[in-house]
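Listed after this line are the structures, all set down as structure tokens.
Common to both upcoming complexes is subunit A, partnered first by subunit B, then by subunit C.
Up next, the complex of A and B:
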């Protein structure tokens, strides 16, 4: 269970890229991309989440089985939330009880 | 017999240090459990006070005690106080905190300071919520439904939302602590299949706390943002979807029912074998049923939304999945019953509460199946049938389990025996009061009395009077244990290490336990619930 030491520089770099991505998100919001509005915003958000999980939460450097279990179950639960919600949003027009 | 100590007193977690700061800065899981005990009892009485006002208003058909606006606040604050500040923390934060390390043979939880932090978060949330109550209150229902909460209500929604948000983190931290502790801190020989079922159910509860609570937190934050800054998440005039709130809210709040009931099931799984003097029937099934409930519990949330206007397809799927979640609960009920079969049963107070739990929880669960059926749900949605159903689960189930556990482990917690005769009497009063309060509400709902109204038509009065009468009986039943528990702390008989001759590790150390629980780390070489090899407890004597 050796702890990987990450240079502080990496943390600053990640932090700066997170800030840049935030600015980009805000900037893109002023451009009308039609259908792609949501897609672009969510893609940037996913990228940011990935950076946080990989570096700030040390997932990139761990070999702990339990960390993987934790990440996979968190993602699985998110999929549950989205997939089951889609049974409503996908068929909203098809009548209600 | 006098309780004056003749021999010099043994050092234990209660007398090791004295003074306010020894409590407020403690990292001992047992002391933190007692901090929680005091605080949740305080909120229980606030929530109970609101409940009595509700029942008083409903004594007569006319809206005479309070106005409609006040009534809306009463049921909102009754629900929020009881759910977020009493039921969610009740068994996990008090009995779980006290027992999880002891049952697995550990000195403390994995993160003692985070444990204390979680109590402080609870207290901060509680103070904010009290402030909200005292400065006007909140009236949106415990569910915070949009667009009422985000746009139309002119009460303290933001304050209430922030309080519940902060309280959520208290619950997340408790869950995190339990998961890590159960994985990492088990004593030598304490394998997964030797864990007491109380531990299994707390493990399952922790999973729900960890994976569900963040969703509630972010959802309430979105409501606060929409209300404060006009964000268009749920407001249809800004391109939002009000049903999205209900999806997100119930994604946490249905599983939250299992946060309340799973720990109670854990208590029952300890009490039933002990007072039947038998090994639990189907250990692995009961253990895995807890995990199954934790997982399947997340797949059923939209059964709260059948008439809200979601798609028919979703309604069909969620109705089906809701039937499925009843299976693991039923497995547990059958296994407890099978455990009692041919056991040598004694009717001590914890066992009386366990009987109450099994019967009332089964009624609550079965009426849940009625509600999962689309046709019946349309008929009884937002009626007193629903109120009765979830009170059978949360009060008949969760609170009965909590009281069973408090009585069962009171000798360990306090080192004293509570008066058994009073205990049995209180259990009986609670059972009668509970049924008198809530059974009439099944009937009321079925014949059409809607929930959340401060006045009603004449023909509902008889049943409402019965229900109000029952609530006063129930109140007596809840006050009694508080009185005799406090009494027993000074005057109760001294408890020996294992007054019930139970098998758990927590009974193999002194009562009350030393600060680090065990003088030596225990080594476990036996299976859980080995009652075949345990002597019977001394005959429990009724006092006077």
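Up next, the complex of A and C:
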């Protein structure tokens, strides 16, 4: 049993999407959206990361469930790390270690 | 495995190690190992991302002012270069899956060129920072780092640059390791070591390369973009 071979067209479409998103996120950085600058930039980054993981890294096509378990676990640990650290340090105020 | 041992022996190449039942099991084991390694890498970079978010919240003005001293054009060009390298890697894995040796070698060399271009541009950015005295330490000069015309605290600005150099430095180190891996891959591919049944190293090095690309996809907005306008 060999891995699923994805048509080149899919790869080029993903590549063009990634390029467009990069140009959009760089352009939006010059527009003052207040708080939304951060939200838009990180949402676009997450969308780009998703495209890379699902298509370039074949996670969408793989039939190995353990790869998906590894990715979901890693994201869960990362969310734990960021959420718990920021709920603590984020509210202490500058330098109040 | 329904075949007799002799038939199995003939069905696979010399790449199958004796402790695996069949090539598919060996491939799945290697793939799982790579994904687990990438999970540890997420935790490794996660620590630095976490530090960045905490300090950015504490020293918001200094981080915004320091972020604006970075060259957004070089950052954008580098993002585009990395995305192109990810495309050539993805197409390279596909070429390996189909057993196209020459195409694989060409795509691996293109990836190397993109990877080295990224490192070159990154080196230019770093050398600019050296000339501007934006390296944390006794030589640090916060004179040009201002937010809306007001000077900012030099000590807090140095925290931004410490994190900037730590994060882009660890990312660049991963790129350098990736370049070495791809040089070896190109050599093996040229020697014809990979075929439709066995291309695990190409696949796993590809996963590593895409992962390093994803790290940059997050470094780019955090370091260059989100504090441009405030």
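Heads up, the rule we're going with is that the second predicted complex is superposed on the first by the 88 of 97 C-alpha atoms of A that agree within 3 Å, B and C clash if a C-alpha of one lies under 4 Å from a C-alpha of the other, contacts with A are read in each partner's own complex, and residues count from 1 in each chain.
The rule is simple: a contact is a pair of C-beta atoms (placed from the backbone, for glycine too) under 8 Å apart; a residue touches a chain by one contact, two chains touch by 3 or more.
In this text, all values refer to a predicted model and were calculated from it rather than measured experimentally.
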**Request:** Classify the contacts of A:32 with the two partner chains as first (subunit B alone), second (subunit C alone), both, or neither.
**Result:** second
**Message:** In the overlaid three-chain picture, which partner chain does A:56 touch, first (subunit B) or second (subunit C), both, or neither?
**Reply:** second
**Prompt:** In the superposed arrangement, does A:42 touch subunit B (first), subunit C (second), both or neither?
**Reply:** second
**Message:** In the superposed model, which partner reaches more residues of subunit A, subunit B or subunit C?
**Reply:** C
**Message:** Going by the contact rule set out at the top, does A:81 touch subunit B (first), subunit C (second), both, or neither?
**Reply:** both
**Request:** Check whether A:90 is in contact with subunit B, with subunit C, with both or with neither, and answer first, second, both or neither.
**Result:** both
**Fill in**
Overlap of subunit B and subunit C contacts on subunit A, residues 66, 73-74, 77, 81, 85, 89-90, 93-95
**Prompt:** Within the complex, which stretch of subunit A touches subunit B?
**Reply:** 66, 73-74, 77, 80-81, 84-85, 87-97
**Request:** Would you pull the subunit A residues touching subunit C in the complex into a rising list?
**Result:** 1-3, 5-6, 8, 11-12, 14-15, 18-19, 22-23, 25-26, 28-33, 37-38, 41-42, 44-45, 48-49, 52-53, 55-57, 62, 64, 66-67, 70-71, 73-75, 77-78, 81-82, 85-86, 89-90, 93-95
**Complete:** As the complex stands, subunit B meets subunit A at residues 183, 211, 215, 243, 247-248, 251, 298-299, 301-302, 306-307, 309-315, 317-318, 374, 378
**subunit C to subunit A touching residues, read off their complex** = 24, 28, 31-32, 35-36, 38-39, 42-43, 46-47, 49-50, 53-54, 57-59, 72, 75-76, 79-80, 83-84, 86-87, 89-91, 94, 97-98, 156, 196-197, 203, 206-207, 210-211, 213-214, 217-218, 220-222, 224-230
